[in-house]
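Below: a set of structures, written as structure tokens.
The following pair of complexes shares a single chain, subunit A, combined with subunit B in the former and subunit C in the latter.
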Partner chain A sequence: MESSNLGKNARFSLKRGLTPALLLVIIALVYAIVAYENWAVVLLCLAAGAGLFFAYSRVPAVKALITESMRTDKVLLLVTGILAALVIPLTLRTQPYVIHILIIALISIILALGLNFQVGSTGIPNLGYAAFYGVGAYTSALLSTKLGLSFWISIIAAGCISALFGWLVGLPTLKTRSYHMALVSIAFGLVTYIMLNNMGFTGGPNGIKNIPAPEIFGWSLFSSIRLFGNTYPIQVNFYYFVLIFAILAFVVSRFIFNSKVGLYFNAVREDEIAAKCSGVNTSKMKLLAFAVGAFLAGIAGSLYAHYIGYISPENFNMNTSLQILGMVIMGGMDNIVGVGIGAFILSVAPEKFRSLADFRMLATGLIILLMLIFRPSGIVKQQIRVYAGKIFGKENALKGDNHD
Partner chain B sequence: MTEICLSAKDLVMRFGGLTAIDTVSWTLHKDEILGIIGPNGAGKTTIFNVVSGLYTPTSGEINFKGTVINGYAPHVIAKMGIKRTFQQSRLFDNISVLDNVLVGMATLSKGILFKSILARKRLASELSEDIDKCLEILSHFSPFLAENPYRRAGDLVPGERRKLEICRALASDPDVLLLDEPAAGMDPNESAELMEDILKIRELRKGIGIILIEHDMAVVQKTADYNIVLSYGKEIARGTFLEVSSNPLVQEAYLGSEAENA
Partner chain C sequence: MNTLLQLLISALLVSSLYSLVAVGFTMYVGVINLANFSHGDTCVLGTFLMMPIFLYATKAGWISASAGLMIPILIILILLLTGIWGAAVYKILVKPLLAAPRLILLLATVAAGQVIREGIRVIYPNGSNPQVFPKLLPSGGFHLLDITLGYDSLTIIFLTIVCILCLNFIIHKTKMGVAMRAVSQNADVAQMMGINIERTIIAVFMIGSALAGMAGILNATYYGITKFNLGSNLGIKGFSAAVIGGLGDFKGAIVGGFLLGFIEVFAAAYIPNGSQYQDVFSFLAVIAFLIFRPSGILGEKIFEKV
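The block that comes next holds the complex of A and B.
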């Protein structure tokens, strides 16, 4: 009697630590892939990752165990993830370029979260999303270089003006649907790109140089920190800075996604007419999706401008739009975690393939192709919303979860 | 006589040269079930599309609780208390049964963006109440749906889909319910169940007015208090089922005239 009880407890505690431990393994693999230049190491880690992935998706027992553990260990999982995110840059003191890749990945995550509201949740095919990103970046850069405003005012203005721009772009698309809507968004993307290229105050194709770094209470992020006798590159400062914004963006996205706003977005995507007749103001919801998505893009644009210190129209062309769209589709439409993972992979991959020179986009394309073959509905699929405190037997909840 | 909740006067709907509805009038009272019948292409669904705001009528007026609602946006009309179902049940397929009904309560929620970020406690308690209400509605019409609220709506069988659509429409406690051919594609057992459901709506929601478009004569006979028969957009008869079914014009519209058949 006693021994069987003990056995149960032991198994229970094994389950408890399972997903956080797994997360650490995955983080270690990703770390090795990103930080090591040695191709043997990278390929080995990729193979290990693929092995884990197949074990998860092909062996039902493993999947059930992980799903169960993920449900019970949410807090521990979160703490592990955040701690890892905090410690990692300190170990990369001598490789500022790797930290740079991570910063770009974080900015991409903010971008993809924004686009997900439009493409994933509301079903608006937006192929000109880089325009919002550009508007944010240019707003912030112009305000801080021409008017000398502080970063904090600039970034808020960037978010708001970009949201306003998104709302304005949304207006003409209300009358259109699917392919036509995609065309309108392409047109807006191109118009914005051409305007940035040709207007005087944007600096034309030369862009804007010498964008000042953000300051926190008078301390510039461009000054490196000395800690325990080590000097850390300025990328470390920026990494933490952008990480805070990325976490904020993630939390806010989650709030919106889990609320009725997210639900009504979904209703618009599923059937606009039925949504209207159910009492959802579909025009308002679509404009809201445009505005929220554009707001996040504006914030991301501002962070990018102040981090790199130089922007030009080339950063915000059609290519960028498609790249962000790829992140959302590959990560898993309408799934915030999936979109984050997709953004990370698709922003790190091109950097890893830099040694392939001209062929690096080909390699990225190959990754997308493989992902779409093995996970056609994204790395993490769209899930049925399960409400806290409203579980109706485990079978039902699980049935809702798995739909292959 | 009970109170009137929805009336239409000389309603006309034209699409270019085609007159889909030609001066049709009706009054719907509280607790009444009005049947609209007629052969294919008679303009029955067009009437629903006009009443629910998807089309703006060419002329005539629709009066709901003393307000002329011509040309109002569909979500405004839904908010005022007119809900509908669709001929090919239009559910939100990729979200759950529960979420479908929750969207049906959309007219009741306010300030959701603000609350979703800054007043999350209040939002959570409201949501919890809403969910309980949804489950209650589901349990009245289908124990199966009430027990499986997290099932994907797209995986339901047609009978359950129809029930879910009715639950979604009823979620916001409407004053008028428009049912567009709920028995389409159902076998006799299923349509018998449906008849019970329709009568149950009237029992559960005191004061609701229901307009029913139907092809299945058995359903109309058992449920509708009063019928209007349309043919090519024009009203050709009205009255109780017995009255309209014995009307030679109605028989001609459904079966063709003797001259044509000869």
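The block that comes next holds the complex of A and C.
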């Protein structure tokens, strides 16, 4: 009895030390991947990350240790993660391009979270997601350049109009099968692209230039900050600005996933007829998944437009749709953390191999293909929903494990 | 009157190309309930296989000596190659994923299309730019009632009819065709009756991909040009045609192809600024069909079974 207790304590203290060590390793890896331009260093770090991941997924002991220590130290994990996200850009003062990549990664995370509602949670293929992104970007850009509205009104309008389009695109497919949805979404993507290219007020292939930067109480994000004698590039402002939106998107996605609506989404994915029989309004849920996903795309589009200051139809073509799809599939469909990781990897890694930029889309296609064949659940698997814990106490909730 | 006739001819031409793509597309849906989104890219793959082979044949002097015989042989060679490609796609990609949810398989075919497209762009020399495609069909034409009938368009329409008749023969008169129809109706029962399901599905993939290769070559040789990313548009048009006609229905795909071709050509001609938006009109037609008649013109009404 005593000895087993002792063993438990020893394991406990080991776990206590494990989480910080693991965090340190992960943060060091991420930092190296982000900050170093040398592709050999990046490749080495990616390989190390992959090794860590394989140890996690193949060796049950490692997996159990990591999952449990992560569970017990949730607060530490969250605090360190947020701290790292806040501090890292300040150390990259002399490398504005690296911060630019991080901003694009954050926007990609918002996009991938939105697509995850459709492809991951509800199981509806959406192959024209970039069109919603484009609708948001153009709405916001047109409102602020042609009508002179402020950024805050524009971004809300962008989200709402994008959501409206999502709802409209969802309508014709309520009675049909999943591949009809794929067709309609591709068609919508192509039609949007053609329209943006040919209509007069969107500026045609030239796009829209000189989109003003967001202002917070009259302070433009295009003015750089001076702090402790150092001038920080404007990218730092935008980084924190977009980070707030990304965290908001993350929180909202998590809230929806954990709510009843998230459960209904999953019910539609698993078996539509059974869901209908159980009283789930499947039409409403599908439309909702479209609207919410499109809303996030609209917000991301608005952020992109106001950050870059210039948009053209080429930013929102089929390739963009497939890239976002790749992020969702690689990270793990219907797992919010996984989707974030996928979006981060697929938007940062290609920037480090710019000499191979020609192969970028080929690599995206191959990654999606290989992921689907060998690990369709993605890097981080879906979590089983555990409700027993709420009834029988916490111990039962901990037994819920990942499943294939 | 003359413009109308001329438009009619070009509508027939576009329609027959769409029908060829749609028939291949509908075969996958009909037999294993799979929407193969790499179908359009297989068309383009056919053209990019054709170009180096044609170049080699010209250099070796085979073409000039006996053009009338060599070109059909080359086309048949390409059909064989794309057919083998289809079988490979089934073996490598579709078969391991048949048990997975359909969404996974659908996304995998989308990714396969992307890999074909980008693979062509990266591997083929100067692949990002449009490539001049050799004229394989007889040039020239003759005048009839003040309109010009090109031999090439007539050949394309003729070849399409031949392909469709051949396919009709295969489906209705051969043992393999009976097997395909049986698998399409009920795969389990078909297997119990001694039908080799795997061989049947491979045959479907080979025929479908060969049809795609044919459509790609005819399309490229008519316009004299091919590009790595033409396939996505062609594939979606074929899919749209199949949906309009009724997915999984062989005759429906042909009817849908013709409807789509006529809508596109006449909308481009008679609606002001229509040529810029001709794709928009055809997609609107598809969406209208999905709302008001999701089963298509000839399709049966879908009843969902528990």
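Odds and ends about this structure:
Criterion: the second predicted complex is superposed on the first by the 352 of 404 C-alpha atoms of A that agree within 3 Å, B and C clash if a C-alpha of one lies under 4 Å from a C-alpha of the other, contacts with A are read in each partner's own complex, and residues count from 1 in each chain.
Everything below uses one rule, namely that a residue touches a chain if its C-beta (ideal position, glycine included) is under 8 Å from a C-beta of that chain, and two chains touch if they have at least 3 such contacts.
What you see is a predicted model, and the numbers here were worked out from it, not measured in a lab.
Using the contact criterion defined above for the overlaid structures, shared-chain residue A:366 touches subunit C, although it does not reach subunit B. Contacts of A:386 after superposition on the shared chain: subunit B is touched, whereas subunit C is not. When the two complexes are overlaid on their common chain A, residue A:329 makes contact with subunit C while staying clear of subunit B. Once the two complexes are overlaid on the shared chain, A:261 sits against subunit B while remaining clear of subunit C. By the touch criterion defined above, A:178 reaches subunit C but does not reach subunit B. Judged by the touch definition given at the top, the superposed model places A:288 against subunit B, while subunit C stays out of reach.
Using the contact criterion defined above for the overlaid structures, shared-chain residue A:273 touches subunit B and also reaches subunit C. Within subunit A, the residues touching subunit B in one complex and subunit C in the other are 273-274, 277. Of all residues in subunit A, only 119, 123, 125, 127, 171-173, 175-180, 182-184, 186-188, 190-191, 194-195, 198, 273-274, 277, 318, 322, 325-326, 329, 358-359, 361-362, 364-366, 368-369, 372-373, 376 touch subunit C in the complex they form.
On the side of subunit C, the complex with subunit A involves touching residues 29, 35, 37, 93, 96-97, 100-104, 106-108, 110-115, 117-119, 121-122, 232-233, 236, 239-240, 243, 247, 276-277, 279-280, 283, 286-287, 290-291, 294, 302, 304, 306. For subunit A in complex with subunit B, the touching residues are 252, 255-256, 258-264, 266-267, 269-271, 273-282, 288, 382, 384-390, 392-393, 396-397, 399-400, 403.
Within the complex formed with subunit A, the residues of subunit B that make contact are 52-54, 73-75, 78-79, 83-84, 86, 90-96, 98-99, 102-104, 106-107, 109, 112-113, 115-117, 120, 123-124, 127-128, 131, 147-152, 155, 168-169, 172.
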